[in-house]
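Okay, so chain A shows up in both of these, paired with chain B first and chain C after.
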Partner chain A sequence: MNRTYGIAGVTAVVLATVLVGALGLRVSRTTSDFYVASRTVAPRLNAFAVSGEYLSAASFLGVAGLVLAQGVDMLWFPIGYTAGFLVLLVFVAAPLRRSGAYTLPDFAEARLESRAVRRVAGVLVVGIGWLYLLPQLRGAGLTLRLLTGAPGWLGALVVAAVVTAAVAAGGMRSITFVQAFQYWLKLTALLVPVLFLLLAWRADRAPAPVWDQRPVFHRSAEVRVDRPVTVTVREPVGVTVSGTVDGRTVHGVSLLLGEGPHRFGADTTVRFPAGAVVPLPDRTADRALAGWAEPLSSSREQHGLYATYGLILATFLGTMGLPHVVVRFYTNPDGRAARRTTVSVLGLLGAFYLLMPLYGMLGRLYAPDLLLTGDTDAVVLVLPQRLIGGAAGNLLGALVAGGACAAFLSTASGLTMSVAGVLAQDVLPTLGVRHFRLATLPAIAVPTAASALVGDLPVADAVGLAFAVSASSFCPLLVLGIWWRGLTPPGAIAGLLLGGGSALTAVTATIAGGADPGWPHTLLAWPAVWSVPVGFAAMILISLATRDRVPPGTATTMARLHLPEPPPPGPPPA
Partner chain B sequence: MTVLGTLALVLVGLAVFVCGAALGHGAARRQREHAADGDEVRALARALHSAGLAAAPLRGGLGPDTARRAARRLRPLLAVPALAVTDTTSVLAWDGAAEHHRNQLEARLTGPPRSHTFPLTCDAGGCPVRWGALAPLTAGGRPVGALVVCAATETSAHARAAEAAAARLSLDLDLAGLDRARADAYEAEMRALRAQISPHFIYNSLASIASFVRTDPERARELLQEFADFTRYSFRRDGDFTTLAEELRSIEQYLELARARFGRRLEVTLRIAPEVLPVTLPFLCLQPLVENALKHGLEESVERSVITITAEDEGTEARVAIEDNGVGMDPERLRAILRGTAGAATGIGLSNVDRRLRQVYGDDHGLVIETGVGAGTKITLRLPKFRPGVQAPPPV
Partner chain C sequence: MGAEPVPRREVVTARHPGHSDRAAPRPRVSSDARPAAPRHDAATRHVMRHQLRAALLVTALLAGLLGLLPVLLRLLPLATTAPRVPLAVWLVLGVAPYPALLAIGAWYVRRAERNETGPAARLRPERP
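Our next item is the complex of A and B:
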């Protein structure tokens, strides 16, 4: 990708964000033509903002990458990311708003009247926020690496610094206008290129992807290998190599790669002829093979059905526990508006996620080399250049890069804000960290360090893990807290600790790569199937066992959560 | 393995040694201290402590629940078989043995209680209670109940102990009365604040509306509507809390009426982040501050007055600032106003708002006022977005 264009795209996005923020916030008028009531954030505007903050690097980059690498099974990711809001709409949105809570710990305290539950919830929110920040920073590192060639950890560091500065300076607050703008920016950054890509695909006589075979190079392609990689060649292929291959250093030599494993060193360029089968690293070999287009046929992690259910449970139930999503609902004036917002969000996210499979499919056709290098998350970024090329390709590439930048900036800043708020209020007040600006530093330093330590985790997978923890801790708390009078503080604490804690342990083990392949790994990598029931069961059973601890104000609280607001007043008499 | 193993063993050994040394040192010191102070001092400290504990529940007033808790803690201190707390007509709590004397005691509670001893008789053999000593409990100098100590034999020591304990309990009943009085005063002040819309304001508003009736009937109608809405909000009775949106709407109505009177001399800028409009805050918390700004800005000078109201999002809090370019104030005088020692003429607006904010959100959420003579005034308040118990009633 052309660096100048890419950097220009990212810079333009940052500038536009600052500009919209400055203009949106400073709306000031004299009293005569100004009514506060009419200025409460309209549900639809808030829906744009929720979507803008929610569509992260995992959605923008990761989903297409997963579809490219692992096929249609991965379409459950966009479905789950969207359907989570359906569950939120049905069970949580309006009562949560009526509770008056700003953060999840606030809700825990409002409903259960216990500081202890509040503190446990605070720790879990911080854990989920950090888990979710991890893939954002990785996406940032990936984007900046493709744009500038800087190593991935540097990109993550740069973004962390930008977000810290912005949040600490008060620039990237939960400004509704900015986040709403980010949604449209992201949608545009995907929609416009995909139209051109489809035109280019038609001009290319619309080749159909070879669904059930190994991916092939549709055109002659030059592949740059940054990190050493061992691939398995299935049929001999003549390539031109500059760099290291099988321990030999060569410069622009044509050679025939025979059947069997071959090792490319770092900084090696390999030119494949058109029609050659893409040699794949052993790790991804069996996944990217036959059955790409057929659900559950590939032996993903060997237990495809279980993994799919794990994914569905985590994403469907996890959305309601995401700290940066919950705080946005506070902006709605009442429960009714919160519901309307959620309905709009469903539509907006649906529109966005429709585009992702297209990128995955086009990537299968035109960028199969990403399977070789393992950078499948980059497929959205490289496609314009591959398919269109020239100035137009560069411009579209810059647009996509800008969109990716918007994706990780908006989500990362929203998450950092929420985590910093909870850190300052519930976790670290004893250390004298009263103001959330001071808490910004630990809020983002920990995931930055972790992203430097943790190597190779696909962006969307890491997000799935954050969803799993959220689904097994806050889903039981919110659903039972809103719909069951019998919930007690000890029950809530037990459920949060057992459900969330077990999921968190499983997730940490997965990220650290501690589990054996096979069932142990599958169970740990998709914990939601067992950890969500554990969370619910612990909450219900311990609550039943401690029936005398039901908070005294339960009836009042429940009435407040569930009684609808009076209907909105009609237009004022003329 | 050997090197690592040895190292690990050494480390573990060191840790055990340090723990042991610390434990031993602590135990030795405790023992020394134990030997040093006498038994009497410790007994006294324990007695004082128990007496405080026993009296504490009565801080909430004299009722069956508080009486029961006080009696339970008091009986071990007086070392009697049974003990009762009564109000002027009935036994509220009986702690200890021989509760069959309860009715007998209740029969004696006629008329205002006064100190005396009396026999208690019953047929039960081995009943540990043969007589009782009654000492009145007072609140604000009036008897409100009695403490009855029951024992097997009549001793003056027990009677004196009952007197002393009753005196100690009465102290906390007095405090409970004070608490209630303070709450009443607060309530009255709140009511005064709601009714504080000054007669001047009403007179001036109506006069300026009247001036529009002929020239601009439409404007006059709008202003009357504003006036009605404003008074309805200010005289509202339900709930101690409201939302920032409602409070700001009322301020707008107020300022609109003021502008009808002052015209171009008054310039108002509102800069409100829409995200903070749902924030809940104590009722009538901003309106007195705006009124204050208006008074300083306009009524005490002839210049053009600029009032700026900003509300910003600060993560878990909202920051609201009200700024005017008026005559300002001497910081010393301001301090006196906030302390409530500036005399009656100052109104109760500022100090009342400050006190209510501190009461609801804690001492670090009071008003922050920047001012000087001739330098204008800026009042800043920070409102947490959520605080348990702070709930606005649904909008009407």
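Our next item is the complex of A and C:
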């Protein structure tokens, strides 16, 4: 990708965001002003904002990358991301808005009248927020590495700094307009290029994407290896190399790579001829070979069906517990508007995700080398250059880079804000609310450090882990809290700790790479199938055992949650 | 230059910054906790029952349409005709779910609003 254009695209997005944000700030001078005013935010505008905040790097970059690498069954990710809002709509949206809760700990305290539940919920919000921030920062590092050649950890650090500055300045989250603007930016940044890409694909005589067991270079391709990688060559292939190969430093030399493992050093460029089989790195070789072709194949660590259901449960039930999503529901005027907002979100997310299979398929055709370098998350970023080239390709590439930038900026800011709010209020009591700005530092520093430490985890995969924790802890809390009068504080705590805690432990073990391959690994990598029932069962059973602890105000709270609001009163007498 | 002074921006959180930590066990939302009138309670239960029925119906639809899809795709011979993934599979997983989700959501909203305002909900007094 041409670096000048890419940097220009990212800079333009940052400037436009600041500009729209500044305009929004002029409209509403204080944050509290904004929230009072925001009770009149129309459902449509609010839906743009919810979608803008929700469509993260995992959606913008990750899904297409997973489709490229692992095939059609990866489309369960976007299906789940969208269907999660339907589940949220029918069980949570209106009652949550009517509860008046601003965050999940607020809801827990209001419903159960217990400070202890509030604290446990606060810890889980921080855990989920950090898990969700991790892939955003990885996506940021990847994008900036492709644009500038900077190492990934540096890109993550830069974005973390930008987000910290934005959040500490009070900029991003309070502004509905910024989020709404970023939804349209993200949609445009994928929609416009894909039209040109499809034209180019047609002009290329519309090759049918063939998913045989070995990806092939459809065209002659120059592959740039940023980080050292060992690949397995399956058929001898003649390539042109500049850089280091198998320990030798060469410059523009043609050589024949024999069958077997070969090692490319950092900053090496390899040109493959058309029709050559893409050599895969040892790490992903088995995955990509096993299951590209069939949906629900054994690709997911040999247990595809279990993994798919784990993913479905986690995303369908986990969306309602994401800290940055819940906050946006507070800006609806009433419960009914909250429902209408959510339905619009279903349409907006669907429009966005319809584009994902196209990028995945085109990526499989024209960017299979990403399998070699392991940067499959970059497929959306590199495609315009590959297919179109020239100034048009550069411009479209800049547009896509800007969209990716909007994706991780909006979500990372929303998450940082939520996590910092909880840290300041509930977890670090000595800090107090006034030191909110101090709390933004740990809120983003921890995931930034983690993203530099943990190994390569595909962006969408890491997000799946955050969903699993949310589904096993906050889903039971919200669903039972809203629909069951028998929930007690000890029951809620037990469910949060057992469900959320076990899921959190499982995903931590997965990220740390502790589990053996095979069933133990699969069970830990897709915990929702067992941890969601654990959470529900613990909450119900302990509540039944502590029936005398049902909060005294339950009946009143239930009436508040479920009965529609009275029509807004007229202006108060002056 | 701006003539009017710009008020200091403040962080909006559930508790007011002025609150001390010890004075907080009173949750903000149910601060008006008082025994609900029995008539009120009956109305709430009535609305809840209808809303829950609609929600469970949507859940059943979701489980039937999307939840069974992984098993179906595995059982049907469609996918084993690799190397090409049939167009039908791409459409089923890449296109069809989104209009379906939107339609189900729109239907639910209409039903939920009717539950709240329709003749069934008429016996309800104003909310507390």
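The definition used in the following text is that the second predicted complex is superposed on the first by the 541 of 574 C-alpha atoms of A that agree within 3 Å, B and C clash if a C-alpha of one lies under 4 Å from a C-alpha of the other, contacts with A are read in each partner's own complex, and residues count from 1 in each chain.
By definition in this document, a residue touches a chain if its C-beta (ideal position, glycine included) is under 8 Å from a C-beta of that chain, and two chains touch if they have at least 3 such contacts.
Note that this is a predicted model, so its numbers are computed, not measured.
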**OP:** Using the touch criterion from the header, give the chain among chain B and chain C with more contacted residues in chain A.
**Re:** C
Original post:
Touching A:Thr176, do we find chain B (first), chain C (second), both, or neither?
Top reply: first
Original post:
Touch check for A:Arg340: first (chain B), second (chain C), both, or neither?
Top reply: second
**OP:** Determine, under the contact definition given at the top, whether A:Thr103 touches first (chain B), second (chain C), both, or neither.
**Re:** both
Original post:
Which partner does A:Phe316 contact after superposing on A: first (chain B), second (chain C), both, neither?
Top reply: second
Original post:
For A:Leu305, is the partner it touches chain B (first), chain C (second), both, or none of the two (neither)?
Top reply: second
Original post:
For A:Asn332, is the partner it touches chain B (first), chain C (second), both, or none of the two (neither)?
Top reply: first
Original post:
In the superposed arrangement, does A:Met356 touch chain B (first), chain C (second), both or neither?
Top reply: second
Subject >> Partner chain in contact with A:Val20 - chain B first, chain C second, else both or neither >> reply: neither
**OP:** Considering only touches as defined above, state whether A:Val229 meets chain B (first), chain C (second), both or neither.
**Re:** neither
Subject >> Set intersection of chain A contacts, chain C complex versus chain B complex >> reply: 29-32, 35, 100-103, 106, 109-110, 113, 170, 174, 421, 424-425, 434, 436, 560, 563, 565-566
Original post:
Where on chain C is chain A touching in the complex?
Top reply: 6-15, 17, 21, 24-25, 27-30, 32-36, 40-41, 43-44, 47-48, 51-52, 54-55, 58-59, 62, 66-67, 70-71, 73-74, 79-80, 82-85, 89-90, 93-95, 97-99, 101-102, 104-106, 108-109, 112-113, 116-117, 124, 126-128
**OP:** Show which residues of chain A lie in contact with chain B when the two form their complex.
**Re:** 25-32, 34-37, 39-41, 100-103, 106, 109-110, 113, 170, 173-176, 330-334, 417, 420-421, 424-425, 434, 436-437, 560, 563, 565-566
Original post:
Residues of chain B touching chain A in their complex?
Top reply: 243, 245, 248-249, 252, 255-256, 259, 267-275, 277-278, 280, 313-316, 364, 385-386, 388, 390-392, 394-396
**OP:** Sort out for me which residues of chain A touch chain C in the complex.
**Re:** 29-33, 35, 71-73, 75-76, 79, 82-83, 85-87, 89-91, 94, 99-103, 105-106, 109-111, 113, 115, 170, 174, 208-213, 293-297, 304-305, 308-309, 312, 316, 336, 339-340, 342-343, 346-347, 349-351, 353-354, 356-357, 361, 421, 424-425, 429, 432-434, 436, 483, 552-553, 555-560, 562-566
